[in-house]
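Note that the chains are named A, B, C and D in the order they appear, and that numbering of residues resets to 1 at the start of each chain.
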Amino acid sequence: MTLQPPELIYMDGESRCDYSWTTGEVVGTFLAALRDRGKILAGVCESCGQVAVPPTSYCESCGAEIAELREVGPRGVVMSWARVGADLEGVPVAAPFRYVLVRLAGADTELLHLAPDDDRITIGATVSPEFKLQAERGGEITDIRWFVPDGAQGEGS
Amino acid sequence: MIDVGVVGWAQTQHGTLERETHQSLIYMVVNEALASCGMSIHDIDVVIDAGSDFLDGRGISTCITVDSMGAHFKEESKIAGDGLLAAIYAYMRIASGLFGTALVVAYGKSSESPPRAQSVSMTDPFYLRPLGLDATAAAALQARAYGHHYGVGNEAAARVAVKNRAAGALNTNAQLRTRVTLEQVMESPELVSPLRELEAAPVTDGACALVMADADVARSLKVRPAWITGSGHAMDPFSPGAREIHKVHSAALAASDAYRHAGVTDPLADLDLLEVTEAFAHQELMLYEAFGLCEEGEGEGLLASGATSPGGRVPVNLSGGALCANPVVATGLVRLAEACARVTDRGEGDRIDGIKRAMAHAAGGLAMQTAACMIVER
Amino acid sequence: MLEAVQPPGGDIVKRVTGTLDIPYRFSYGAYYDRFFREMRDNKRIVGLACPKCGAVLLPPRPYCGFCYTPVDEWVELSDEGELLTWTVVHLPFIGQSTEPPYIYAFIMLDGADVQFPHILGEVEPGEVTPGMRVKAVWAEERTGTLHDIKYFRPV
Amino acid sequence: MTRPVAVIGTGQTEYVSRRDDKNVPEIVREAGLRALDDAGLKPGDVDAVVIGSAPEIFEGVNYPEDWIAPALGLCPGPVMRVHTGGTVGASTGIAGFYHVASGMFDTVLAVAYQKLSDGVPQYGLSACYDPLWDRDFACGAPALVGLQSRQYLNRHAPHVTEEHGAMVAVKNRRNALANPYAQLRREITVADVMSSPPVAEPLKLLDCCPTSDGAAAMVISEERTARKRCPRPAWFTGVGTCSESPYVPHVDMAYPESCVRAAQQAYQMAWIYEPARELDVAEVYEAFSFQELIWCEALGLCGPGQGGKLIESGRSEMDGALPVNASGGVLSANPIGASAMIRQIEAAMQVMGKAGDHQVDGAHRALAHSWGGAIQFSTVTIFSDEI
């Protein structure tokens, strides 16, 4: 007896797992403020004073605790952007769109988020968050739909 | 510290290796590395390996690969990260005086799963994952911030790709072995702007293995060792927005530790070769600056001067770098193997005189959050 | 520490949920290819004989895990063997191909030196004894996986 | 011989089935800061961080160290992650030892963690099996250890019985009553164990460890810092690890050779000739009850096949000659990636005299053991109160 074709090249497999990640007080408060009040909170380091958004309960720069959560923005300045031309799985908006790093007013770090593919999104441009409608919010970073250039609010871009 | 030499090394042919399993790749490369220094697996005291569970599609990937590394009934430990970190750990093991020899193994088969899914899995669950951020987009944000901050145009990165692809064309292990022109790079399809297809590393399967030995063993062999004189590794904050993303602090810190150990004070003068992990072309320019080869923002000028080209003061990526083969997990260890081959004149390619001291670099994380460096000398 | 900013009324978000889903295509490689094609096409289990230590090895690898010698001498094994150890699995889990309870077993096939993992059928848990002889029951439809054997039954 | 290295501070979180007030980086930070505080240090005082966790699929974050390590306050700084499966916590401590023993770093923070409640633990464990080989039939850890336990019982019947496993569970759960960090702190009886529902026979529910959230940390330093910072450091005097392949002839799960060899190596380094007599306390990685007996045999704490007699004799009880798992062991808490470091920490705490209500009097020399993978990775660490 001999071996028949077809040869065995690949076995298909999958790694698929559901998660329920504990957020902790700081992340949980930040997400709740997005959901309930449409506000963006930053963490203030008790030691070096860095105002970080999005906040973690520890200062990523010096390792100290976060002393308070403080509202920042909502407006901010684009510090970098990248344009995505084709739809990507797991991204909540359709292509084309942009990723942006936004330095919100009063913050020392940048929030990474989404923006429309609008040529007004350039480094140094002022942008504002466009929140989802209250009923659509789930306490997630995507409760901010994206950041839009100043003057573009309500254009439905 | 005890003197430690890299005495043997090997890498596989890199590419899409659909008929190779993790085990067959590892077995092949370990045997070649042992043969390159005339040693047998029985001469090895400890095995330090690097692998990625997510890349392998299995938890605790070493469960079914320890035998392929010859680690049955041996001391063995695994680093979850680039193989260059495994090399640093192996260096520690020998430097402790408790081991005479070590085998370092790193492998990855990126072709078995979607690379984008792999990189999205590196994001945190709260802030980045819901936005679908991947490694390419993170690098694109970094490239734009870097270009803007220092007024560096897109062409500079493209010129890195041209240089490295030309070098890779001479590297028989490389995956991409064709030269590209500046026009081809600039006109290649946009991935995530400003990055273009020819500015990004390919999807690569491959493996690399190294043999290290203490001075007594190293001197007893019939081959010239590459002596390890310095190492360093470092991690930056995770949040891309909490770093100065136009700089690479992690690489600067890792290199400064390695320089201090090796007595390097003026890297441009003291180093003869750099092998760096540039998964995206612009990152090589950023690394010139982080490594102190030039001032901040001067990477473009350094490249244009030819200093980092073959024949320049400090050639960077004579192998073609990650842009010509990027076997994730093994990429940084491949840089070390390339550096060792050059400082000892034991490589296969054209001999280049005067390379006595070289540094290898590995990058990890989104937008080069982590770095590892090792300096080897003749 | 954070009272000042607790959102009025709303509770904090305690958890974020998500799914991580990565598809894979695992390379069989030349050795698993040969092994599983023998199962699929010929209902035959093959192992590899180490030229140095003489062990007959499973699963198929290009080397002997014990003495690190290259191996490429294929030998036919019996589809019958001896039960080494077993466990009755009652725990359900994701990706399970058989509904619990079932008997998971290590079997030493005649001619092999390394255990073969599979499940037992046509036997009740209480009837299983150490060293029991078992034989493969082959599946009608075979595709080149361990499921080409349905289960092992007592001889 | 290498330069002396010691544990000078330890920190643990409480182990619970679901830690719902902190995320993964935060529990790691909690343990790390406790260890630093125990050593009288601040985050910036250490030179490097070593971090350990088992399969990334447990928390669903790839390269989790990139996300987590910044919470330890040494950023930017040197961070390395070790991943060796069940042994990883101990491998992390051992990597910390080599960071210092090499002379490359003087003071290192080693941290290991797992937050199993974020994901699906048995899925993560089943994903360890070879997809081309045995993944479809395997069932997490219980099936594999079910095979091991059956093999052990068959080998030594009638001298080792299912009741002996139950006695281990009873002992360790009783010991856990005195450990404030343990997750399961309720006494059980042999009858409770024997009548608990089957999981992977012969394993019954109460023969099995729980799944836990938690983190553990140790500060490891060279001699000068140790003497300055710590009145009674726990010196690493023996370190041994050994890996083996499950796919070679003569694999013996009932007497795993990787464990025998790791122990021999550690004993040799620590100048221990008669472990059963020379050791004062042992922490072994018994994720399932029968394993404590199997490991005690392989570690030479009793003779082969003598596991049943050992647990019957009371020798391994708190008031016995060689208490085993005074902390309550893995049966009382199992944050997988941390569990092997918890064994090291508990052993170190015994020789430091800091084990509180479960302190073993006169503990000068302690052993910590762990296993991982498909019962194929073993580590043994010996701590002593003098070099």
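Just so we're on the same page, a residue touches a chain if its C-beta (ideal position, glycine included) is under 8 Å from a C-beta of that chain, and two chains touch if they have at least 3 such contacts.
Quick caveat: nothing in here was measured; it's all calculated off a predicted structure.
Peer 1: Mind naming the chain pair that shares the most C-beta pairs in contact?
Peer 2: B-D
Peer 1: Farthest from chain D in C-alpha centre terms, which chain would that be?
Peer 2: Looking at centroid distances, A is the chain farthest away.
Peer 1: Which integer distance in Å separates the CA centroid of chain A from that of chain D?
Peer 2: For chain A versus chain D, the centre distance works out to 38 Å.
Peer 1: Quick one: report the Å distance separating chain A from chain B, using the average Cα coordinate of each chain.
Peer 2: Measuring from centre to centre gives 30 Å for this pair.
Peer 1: Take the average of all CA coordinates in chain B, do the same for chain C, and state the distance between these two points in whole angstrom.
Peer 2: 36
Peer 1: What residues in chain A touch two or more of the other chains?
Peer 2: Counting only residues that touch two or more other chains, chain A contributes 9-11, 13, 15, 17-23, 25, 27, 31, 56, 60-61, 140.
Peer 1: Touching at least two other chains at once: which residues of chain C meet that condition?
Peer 2: 14-16, 18, 20-28, 32, 61, 65-66, 94, 145
Peer 1: Can you tell me which residues of chain B touch two or more of the remaining chains?
Peer 2: Residue numbers touching two or more other chains: 18-19, 54, 57, 67, 72, 117-118, 121, 125-126, 129-130, 237-238.
Peer 1: Quick one: do these chains touch in a line, a ring, a star, all-to-all (complete), or other?
Peer 2: The chain contacts form a complete graph, every chain touching every other.
Peer 1: Could you pull out which chain D residues touch chain C in their complex?
Peer 2: Residue positions touching the partner: 20, 57, 60, 120, 122-123, 126, 130-140, 142-143, 146-151, 154, 197-203, 245, 247-251, 253.
Peer 1: Which chain B residues qualify as touching chain A in the complex?
Peer 2: Interface residues on chain B, with respect to chain A: 18-19, 54, 57, 116-117, 120, 125-134, 137, 140-145, 148, 190, 192-195, 237-242, 245.
Peer 1: Residues of chain C touching chain D in their complex?
Peer 2: 14-15, 18, 20, 24, 26, 28, 32, 53, 55, 57-59, 61, 64-66, 84-91, 93-98, 100-101, 104-106, 113-115, 117-119, 125, 130, 145-147
Peer 1: In the complex, go through chain A and note every residue touching chain C.
Peer 2: 1-4, 7-23, 25-29, 31-33, 35-37, 41, 65-71, 139-140
Peer 1: So in the complex, which bits of chain B are touching chain C?
Peer 2: 17-21, 23-24, 27, 41, 54, 57, 67-68, 70, 72, 109, 112-114, 117-118, 121, 125-126, 129-130
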